[in-house]
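First chain A sits with chain B, and in the next complex the same chain sits with chain C.
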Partner chain A sequence: MLGQGFLTILMPGNLIYLVGGVALGLIMGAIPGLTATMAIALLVPLTLYLSPTQAITMLLGAFNGGTFGGSIAAILLATPGTPAASATVGDGYAMARQGKAGKAIKTALVSSVFGCLTACVLLVLIAEPVAQYALQFGAAEYTILMLFALTIIASASGDSMVKGLMAGAVGLLFGVIGMDPVETIPRLTFGALKLSSGIDIVTMLIGSLALSEILVQIESFHKRKQGALLPPPSCPDDDKFTRKDFKRTWKTMLRSALLGSGIGALPGLGSSLAAWVGYDAAKRASKHPEEFGKGSIEGIAGAEAANNAVCGSNMIPLLTLGIPGDVVAALIIGAFMLQGLTPGPMIFREAAQDVYNIYAGVMVSNIVMAIITLLTVKLFTKISKLQPNVVLPCVCMFCIVGVYALNSSLFDVGIMLAFAVIGYFLQKFHFPPACMLVGFILSPMLEKYFRTAMQMSRGSVSIFFKNPLDWVLWVITAVSLFTILRGKYKRYKAAKAAEKAAEAPAE
Partner chain B sequence: MMKKKLAMVLSAAMLVGALAGCGGTDSSSSSTGAKDTAKKGDFPTKTITLICNYGAGGGTDLASRALASAMEKTLGVPVSVVNKPGGSATIGVTEVLNAKADGYTFGVCSYSPMVIAPHQMQVAYTPDSFDYLGTLSQYDYGVLVKGDSPYQDIDDLVEGAKANGGLNMMGSGYPHPLVIEGLAELTGTDIQFVNMNSSSEVVTGLLGGHCDAISLVMSDATSYIESGELRLIASSNTERLEDYPDVPTLQEQGYDLSVQSYMGLGLPKGVDPERIAVLQDAFDKAFDDPDFQKTMENLSIHVKHISGEEFYELLKTDYDFYADYFAEKGE
Partner chain C sequence: MSNNENENKGRTFTLTESKADLVLGVFFLVFSLVLLFAIIPSQVMDVGKGFPNPRSFPNFCGYAMLVLSICMLYQSYRKRGKQGGETVTFTSRGIKMSLLALAVLIVSVVLLQFLPYIPVTIALLAGMMLLLGQRNKFVIAGVSIILPILVYVFFTYGLKLVLP
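Coming up: the complex of A and B.
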């Protein structure tokens, strides 16, 4: 069945849609302000005129390409092209500043392909049991998972955990703006109808990470001479992903790919969260955690493997249960239904060959993505040779157009500009904007799941301890907290020891 | 030389961005090949905009696009769907309210943002603010349990609630609380409405055993009923559902509850009656279009064509109903 799927995909009539989808996804992902989700939303109506195989593989190809494409902008321009690339900005851009942009992009590519292929293998082999595991997660289980996710804020803090936590708290507060998840009454909207669905993550992302970075660069611009945006590679290896790099990162990639697959299979979480969890896991397992944030190749690998794994695994609950793993899968359901197919258990009986074609399509999309990227990476890195006074206004324009395009709303553009200012001040005072972003992503989810769980249990907290699964999640959260505190303690002791050593010769 | 090449690449990329920004939703109309047939002085002579109050790719959006394609054939000009989601679907409706009343803009005025949302938040319109072309579809609702559940009908469900000291029923937004809390009130049992964000979350919740029963839009339930994972135990409409004639309604089972909801289309008030007539004609003819029928069937949407006047009466009545309902609830 699967073999037949590959043969079908490689037919020129089908392949052209796959390639087109990947290419469009890559472009829209790489342009800051336009996202992978938007690419898919634009493509769905076109799928009416295509066969199921062509339609779905085109959309999935666009999602895969878009999720990876976001990292290109993150690395070269310090602006994530999509929310899923927000974890790649720190280390990616730092590496680019060291002249290693080519290496960074290729690392992201290899990790993304690896992540998606791993998820595809899981999809083909064990979709059913994975889906059943996803069903075990009710509101209580999600709540504990969100608590664990909050500990990631500490991981993304960089040097000052206090500042990171404060930024995270601000993000949590911004996440409150919008509809109450249970009563559906607007809060903190000050009567503005446009705020009643809350602040869009893309708007906040582009504003607080991209535009604020542009503001920072403009400020420092007049201090340095007219030069290229980024330094050139200092040695040929800086442009390549070498065997040594692979040896260093393959474990990270595998770990993040599995984590990403797990998160993608859980409805409602998405690739941004996966990226951060992957990044966090990479940092904790790394032998050189201090490099994270300053140009660690493992950081990029960890984030990118996880977020592209979601591209494969969000199909798991979709195909087996008919339940979308994230927003993109929800759009894809629409495309399925336009074809007269209903994703869910029946689809294996109604259209099994189509499903295998889709599996093959996702796998092939990775190869297509790799080929397109390797052919064009030189072009992308040339951007880094341009003068900033050419590139930055273009990026700015893309951001504004892209955010406007989301909902045809100038109000969104206004919010984005407000966040640009907020992000600028955060950066100036060394508060990590990424922490604000993670807090913002988590806040609505944590609140919704917690309150729903409490509703279901009529106010009793026993619902959080009912299943073995709950205990497992609590233990993971506790271990996570413990390792963070231990890490802090170790650094504190090391700093004290360094102080003593500095004082000693003076005696 | 390098700089020139790069400048060209960048401009090309900028163009892509600009096009995506302004022209994304035109793809649906241009793909049917409808061109501007300018008959001087006649209406319409340029593209008409259909504002959809839900996001791209969702059920309402796809139904809107199907309608747009069908209306283009009668009108002879492109009908372009523009998505203005958000605010519990009220933003799109507000856009229609504020649009120029020249007949070139109309939009989805679906039930929930018209009669329910105005009592939960500040909106600038009431059912009196629009002229209606009619409804496109009816949303059917039902009460479902897991395929292997011991509950065979609503009486069993209520018994279960009494025996276990309470039950959880999931639903996503309105009108589900009317069914669920209505049941609780009628029977004096602790049946709790648990709100979820989407139908998929509701189904997942039931399948995962996190609740005991659900109230759901039928179009989202059909494949699960077919596969046996879910079982329908009551129709929440005033009649039995066409596809499930053996399942009695809530009312038939002795519980005086029913809910209904429609996807309707409206124009801002003040449009020239002649122009409304042209749009009305195109709207009515859409229902006979085979492509439209096929798409709606694929989407499992229950097509229902109620006239504009009837829809307006319905909205007015239910608007007042919900005013009382929320006043009682103290919101």
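Coming up: the complex of A and C.
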């Protein structure tokens, strides 16, 4: 059936919609403020006129393309095109500033394709048991998972754990703004109706990462000679993803792809969290963790493999249980219903061939995405040759337009400017922005699941220790925290020893 | 703080690592106290004594910041007098440029409430390019006129999204 699926997808009438979906997703993902979700929302009404195969593969192609497309802006402009690309900014932009923009984009592409294909293989082979595993996760299990994810803040804090934790606490606080998830009362909105729904993650990302970086660059404008935005590659290999690069990163990609697949299979978590978990796992397993944040190819591979793996594994709860894992999956369920199909266990009996066509479509979308990107990568990297005094104002314009387009609200643009100022000071005082972002992403989920679990147990914390799965998650969290603290302690001792050695000759 | 006169950069203000931690520690200490004892009580309704309640999580964030600010102040004390470490540098000219760029952005956003997208964005792009030192009239005119129109057409007719 899968073979028949591939034959069906490769028919010109179906392929053209897949290519169109991927191309639109790439473009919208690459423009800051326009997301893969928006691309899918725009395409859903068009699916009314298409067959199920054409409709769903077009939407999934847009999702896949959009998730990867965000990394192009992240690498070239330090502006994540989508929230899922926020983990790629640090290493991607650093590589671009070293003249390796082409290598960074190709690494992101290979990792994204690898991640999504891995998730697709899992989708085909073990969708049913994975879905059953996802069903075991209740509020308590999700809470412990969020606590594990919080250890990313400690891991990403760099040399100063205190600054990292402070940035994380600030992010957690920003995530609280809006309506209380249980009592539905406004919190920290200061009477502003527009803040009732909270701060949009895209608004915060673009303000605190992109615009703040632009302000920092403008501040140092007068100190440097005007030249191209980014330096050219110093050797041909700087523009390529070589075999040596693959040897260095394939384990990272596989690890992150599996992590991303696991996270994507759990409803409610999303590709942003997957990207950070994948990045963090890559850093901890790397032989050169000190390179992360300064242009590590493994950093890009870890983040991109994980976030694109969600594109495939998102379909697991959707197809097997009819549960939408996130907004994208909810939109895709809408498209299924327009086609007269109901996702869930029965779909494998009522429309089995359509399901396998969709599997094949997601896999082929990766090939299409790779071809389109390789054909256009030179066009993208030409941006790096432009002068900064032309590019930076254009990026500012795209940021304003993109954020406005989210909700047609200038208030959101104002919030973005506020975060630009906050992000500027965070950068100047050497706070790791990653910590604030992770705190912001986790805050609403952590509080919602924790309070739901406490309500279910009528205030008893024993709910967090009832199942064997809970104990497994607690052990993973404890091990994660232990390895981070041990690493920090070792670095502290090494720094102290170096200090003493430097002082000794003086004495 | 050390002030150095420099004709090219204007004044330069440099904070040592210890001083920077001191400034941050004091800032977050004050902020967390204001958050815990003024902002949260006024901005989050008290719905009862049960745990957790709507104030629990914001309070947790506030107390975390309070503890961490004390840690920062302690770090500042431990590092005093030590050389090296990360410094924080501001130049008067650099701050002026950043503030001007921010002002251009804020004015543009305010004007978008009253004027349509295309003229405001043309002015934004032209103003920012001039501020950042672009002097080629053709580049300024070309980019600031063509790009907003292209974006307008793409968003309005391609994506069916309404711009201001």
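Everything below uses one rule, namely that the second predicted complex is superposed on the first by the 506 of 507 C-alpha atoms of A that agree within 3 Å, B and C clash if a C-alpha of one lies under 4 Å from a C-alpha of the other, contacts with A are read in each partner's own complex, and residues count from 1 in each chain.
Just so it is clear, a contact is a pair of C-beta atoms (placed from the backbone, for glycine too) under 8 Å apart; a residue touches a chain by one contact, two chains touch by 3 or more.
Only a predicted model underlies this, so the values are computations on that prediction, with no experimental measurement involved.
Judged by the touch definition given at the top, the superposed model places A:Pro388 against chain C, while chain B stays out of reach. When the two complexes are overlaid on their common chain A, residue A:Leu42 makes contact with chain B and with chain C alike. Touch criterion met: A:Met454 reaches chain C, while chain B stays clear of it. By the touch criterion defined above, A:Gly414 reaches chain C but does not reach chain B. By the touch criterion defined above, A:Ser196 lies against chain B but remains apart from chain C after alignment on the C-alpha atoms of chain A.
Look at A:Ala501: by the touch rule set out above, it reaches neither chain B nor chain C. Contacts of A:Lys428 after superposition on the shared chain: chain C is touched, whereas chain B is not.
Applying the stated contact rule after C-alpha superposition, one finds that A:Leu215 touches chain C and leaves chain B untouched. After overlaying the two complexes on the shared chain, residue contacts for A:Leu375 are found with neither chain B nor chain C. Under the contact criterion defined above, the residues of chain A that touch both chain B in one complex and chain C in the other are 34, 38, 42, 182-183, 185-186, 390, 394, 397-398, 401, 404-405, 408. Against chain A, the residues of chain C that register as touching in their complex are 8-9, 20, 24, 28, 35, 39-40, 43-45, 47, 50-54, 57-58, 60-62, 64-65, 68-69, 71-72, 75, 86, 88, 90-91, 93-95, 97-98, 101-102, 105-106, 108-109, 112-113, 117, 121, 124-125, 128-129, 132-134, 139, 143, 147-148, 151, 155, 159-164.
Across the complex, chain A meets chain B through its residues 27-28, 31, 33-34, 38, 40-42, 44-46, 48-49, 134-139, 179, 181-186, 191, 193-194, 196-197, 267-268, 317, 321-324, 330-331, 334-335, 337-340, 342-346, 379, 382-383, 386, 390, 394, 397-398, 401-402, 404-405, 407-409, 448, 452, 455-456, 458. Interface residues of chain A facing chain C in the complex, by the touch rule stated above, are 34, 38, 42, 162-163, 165-166, 169-170, 172-173, 176, 180, 182-183, 185-190, 211, 214-216, 218-223, 226, 387-390, 392-394, 396-398, 400-401, 404-405, 408, 410, 413-414, 417, 420-421, 424, 428-430, 443, 447, 450-451, 454, 459.
Listing the residues of chain B that touch chain A in their complex gives 2, 6-7, 9-10, 13-14, 16-18, 20-22, 24-25, 27-28, 31, 55-59, 61-62, 65, 82-88, 90-91, 94, 120-123, 166, 168, 173, 190, 192, 194-198, 200-201, 203-205, 207-211, 222-224, 226-227, 229, 295, 297-300, 331.
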